[in-house]
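Before any comments, here is the structure.
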Amino acid sequence: MKVKVSRKAHFNAAHRLYRKDWDEEKNKAVFGRCNNPNYHGHNYELVVSVYGEIDEETGFVMDMKVLKNLIKVEIEDILDHKNLNIEIPEFAELNPTAENIAVYIWRKLRLHIDMKKDLEVVLYETPRNYVTFCG
Amino acid sequence: MKVKVSRKAHFNAAHRLYRKDWDEEKNKAVFGRCNNPNYHGHNYELVVSVYGEIDEETGFVMDMKVLKNLIKVEIEDILDHKNLNIEIPEFAELNPTAENIAVYIWRKLRLHIDMKKDLEVVLYETPRNYVTFCG
Amino acid sequence: MKVKVSRKAHFNAAHRLYRKDWDEEKNKAVFGRCNNPNYHGHNYELVVSVYGEIDEETGFVMDMKVLKNLIKVEIEDILDHKNLNIEIPEFAELNPTAENIAVYIWRKLRLHIDMKKDLEVVLYETPRNYVTFCG
Amino acid sequence: MKVKVSRKAHFNAAHRLYRKDWDEEKNKAVFGRCNNPNYHGHNYELVVSVYGEIDEETGFVMDMKVLKNLIKVEIEDILDHKNLNIEIPEFAELNPTAENIAVYIWRKLRLHIDMKKDLEVVLYETPRNYVTFCG
Amino acid sequence: MKVKVSRKAHFNAAHRLYRKDWDEEKNKAVFGRCNNPNYHGHNYELVVSVYGEIDEETGFVMDMKVLKNLIKVEIEDILDHKNLNIEIPEFAELNPTAENIAVYIWRKLRLHIDMKKDLEVVLYETPRNYVTFCG
Amino acid sequence: MKVKVSRKAHFNAAHRLYRKDWDEEKNKAVFGRCNNPNYHGHNYELVVSVYGEIDEETGFVMDMKVLKNLIKVEIEDILDHKNLNIEIPEFAELNPTAENIAVYIWRKLRLHIDMKKDLEVVLYETPRNYVTFCG
């Protein structure tokens, strides 16, 4: 009996989209307002889902208190109120698009979740734009 | 031409998480605040989805009036304003976790929906915790 | 320059509506399904607002970190995952309707907020039913 | 590295459900209040998702500015503030159920999106009724 | 002890904005896309609030079951799935703007609510446009 | 017949909270994570409300197309995807708290709205924190 359990979390961060190896003109043409060198920011809403067998004893796929704490320690405490380009080493060279941030979050959480279970990350950059990564 | 149609519903209920065959200490350690012997409760939000061919005559996968009524009779009228542990026989022995409630709802609805169609149940225990079961 | 600052919080609880001095029939007639002797429950969403002058130095009406913590200590830690009728002394005799819970919350918070500032409490019992109390 | 990117949009429209080849009685029996000959209407909320490889240079699966504009030109500008039965030729004979509108939107967008990428359309007819089409 | 109790409801309807005594050009200039002679429509979300003393016996300002039913009988049953211009006599001559619909709803409900209590109507025409009327 | 009409809008921006005349230690103690010198950011949701008489001819308090455009030109085009501290002169010395941003928005819009009408600004910094300013 496989069920997907989902937990919402959130963090606020600043970022900009750009590539060091492109000139200013190309950066502006491709990334538009998101290229602002002074940064802009978002309230990122995050949904982490774990898919696996229900444990017969507890009735849990995964203890939501454990999942909530894992998201806090691995994601929220690291990304919240940060400048992604400057303060998160993984985005020193990699563009912090919603797609790349979702993959980064998925990889960090994957290390801590039982490999018999599938992992899905949904990341809302705004209430109207979001991305989904399942590995 | 297969489409998934989804209908939201809701019910309010009390529950607690515990196992009769565990002592109080273990129940508390595993289920935390959800183990409160005096119960606590939730506004459960439910999304029921049916996936199948569009009927060429009506343009419907399933008449939403029929689905709405089915959810009312089979789920809302049974679970709303109830104590799940005490009043729902299926949870006399089975822990009413969100996972187990979703499976219970899926099984009850499955009996009434054309077997050519797939069924999915999403159950929100809180706006931040939810589960998905597809059979 | 007076501004109203608002902070959302939430707690889950069980309750029932009834009066000891009414017989069962009258309790049922007046309180309907909410009278269930086995309790039912809700995800209560709470919005606490404080109205006052912006402090010229900080730019705050009230530090939201302080307000968030006050709501946690005075309300969430007390009411979350509780049975309101059994475990909250104020509701031993008083019916825990949304109206009465809102007044209870307002009174508890009023003691800790500068009397030069106005206080408002909005309490959602369900996404479709809510109450507002301003003292 | 495949990611799904999603963009929300919306339009308001009038419609009615009926079949010219059925008599009034059968139309009413099957379509109920949705059969009102004077029309009724909805705020349709639309989520368009594109699933494909992240472009290594940009970090995008698809530029959201391009997707946003595509939805505007192909869908919103055509359907917003319209009567679907009268003004949209595709629904002259075809019943504008949520299912059929979702398929119509999917087909229009499919022409403009790289065939290496998958396309999904979710259409909310009301906050409680919605449909999903993936081709 | 005065509290405001609020209840959400909804209905779907078609309408258009225009004045018979204006020519087509002026109607278009003032009402834009909302002037479409074939109508368009909305999911109207409605919040009805009643402000008054808490009844000491029940703990209610007003029984929400009564308010819910009143909104159903007086508003939802009349307006849902209707064409406001054609089927609601009050809008035969009066433009069914959100403002005018809110006043219409307030007046209909005012007749049925204790005059010692204040009444407020909030009407969402879309998730981004809404109006409030308090008499 | 006075009605309040409300329009939602949004913008994304980076900011930090600090005072130049305080040392680093005091800035950190008062503003916590919001003091991060590398900035963080938010999706600001904005609700602008105008309260006044319904115009008998149009049925409008204020044409929502005009209000929507005013918010776009005066607020969204200026603040969206910006660093508030660096790029908005009003916040060169003034702390861009939600309170101060709401007052700034109110003052900018007040110049363009008929003085017979009242103006209210609600600004969500996150889905859980927001402020209201009415002048």
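Each chain gets a letter, A, B, C, D, E and F, in the order it is written, and its residues are counted from 1.
The rule is short, and it goes like this: a residue touches a chain if its C-beta (ideal position, glycine included) is under 8 Å from a C-beta of that chain, and two chains touch if they have at least 3 such contacts.
On a predicted model such as this, the values are computed, not experimentally measured, just so you know.
**Student:** Return the chains common to the contact lists of chain C and chain E.
**Tutor:** F
**Student:** Can you list every chain that touches chain B and also touches chain E?
**Tutor:** Touching chain B and chain E alike, sorted by label: C, D.
**Student:** Between B-C, C-F or A-F, which shows the same interface as C-E, counting it as a repeat when over half of the contact pairs match?
**Tutor:** C-F
**Student:** Quick one: which chain's Cα centre is the longest way from chain D's?
**Tutor:** Using the mean of the C-alpha atoms as each chain's centre, the farthest one from chain D is C.
**Student:** Can you give the whole-Å distance between the Cα centres of chain A and chain B?
**Tutor:** 29
**Student:** I'd like the Å distance between the centres of chain A and chain E, where a centre is the mean of that chain's Cα atoms.
**Tutor:** Centre-to-centre distance between chain A and chain E: 41 Å.
**Student:** Give me the residue numbers in chain A that touch at least two other chains, ranges are fine.
**Tutor:** 127
**Student:** Taking chains as nodes and touches as edges, what kind of graph is this: line, ring, star, complete or other?
**Tutor:** Contact map by chain: other.
**Student:** By the document's touch rule, what are all the touching chain pairs in this structure?
**Tutor:** The set of touching chain pairs is A-B, A-D, A-F, B-C, B-D, C-E, C-F, D-E, E-F.
**Student:** Quick one: which bits of chain A touch chain D in the complex? Just the residue numbers, please.
**Tutor:** Against chain D, the touching part of chain A is residues 17, 19, 30-32, 94-100, 102-103, 127-133.
**Student:** For chain A, which residues count as touching chain B in their complex?
**Tutor:** Contact set of chain A toward chain B: 1, 3-9, 49, 54, 57-61, 63-65.
**Student:** Once bound in the complex, which stretches of chain A touch chain F?
**Tutor:** 10, 12-15, 33-34, 36, 38-43, 45, 80-83, 86-87, 126-127
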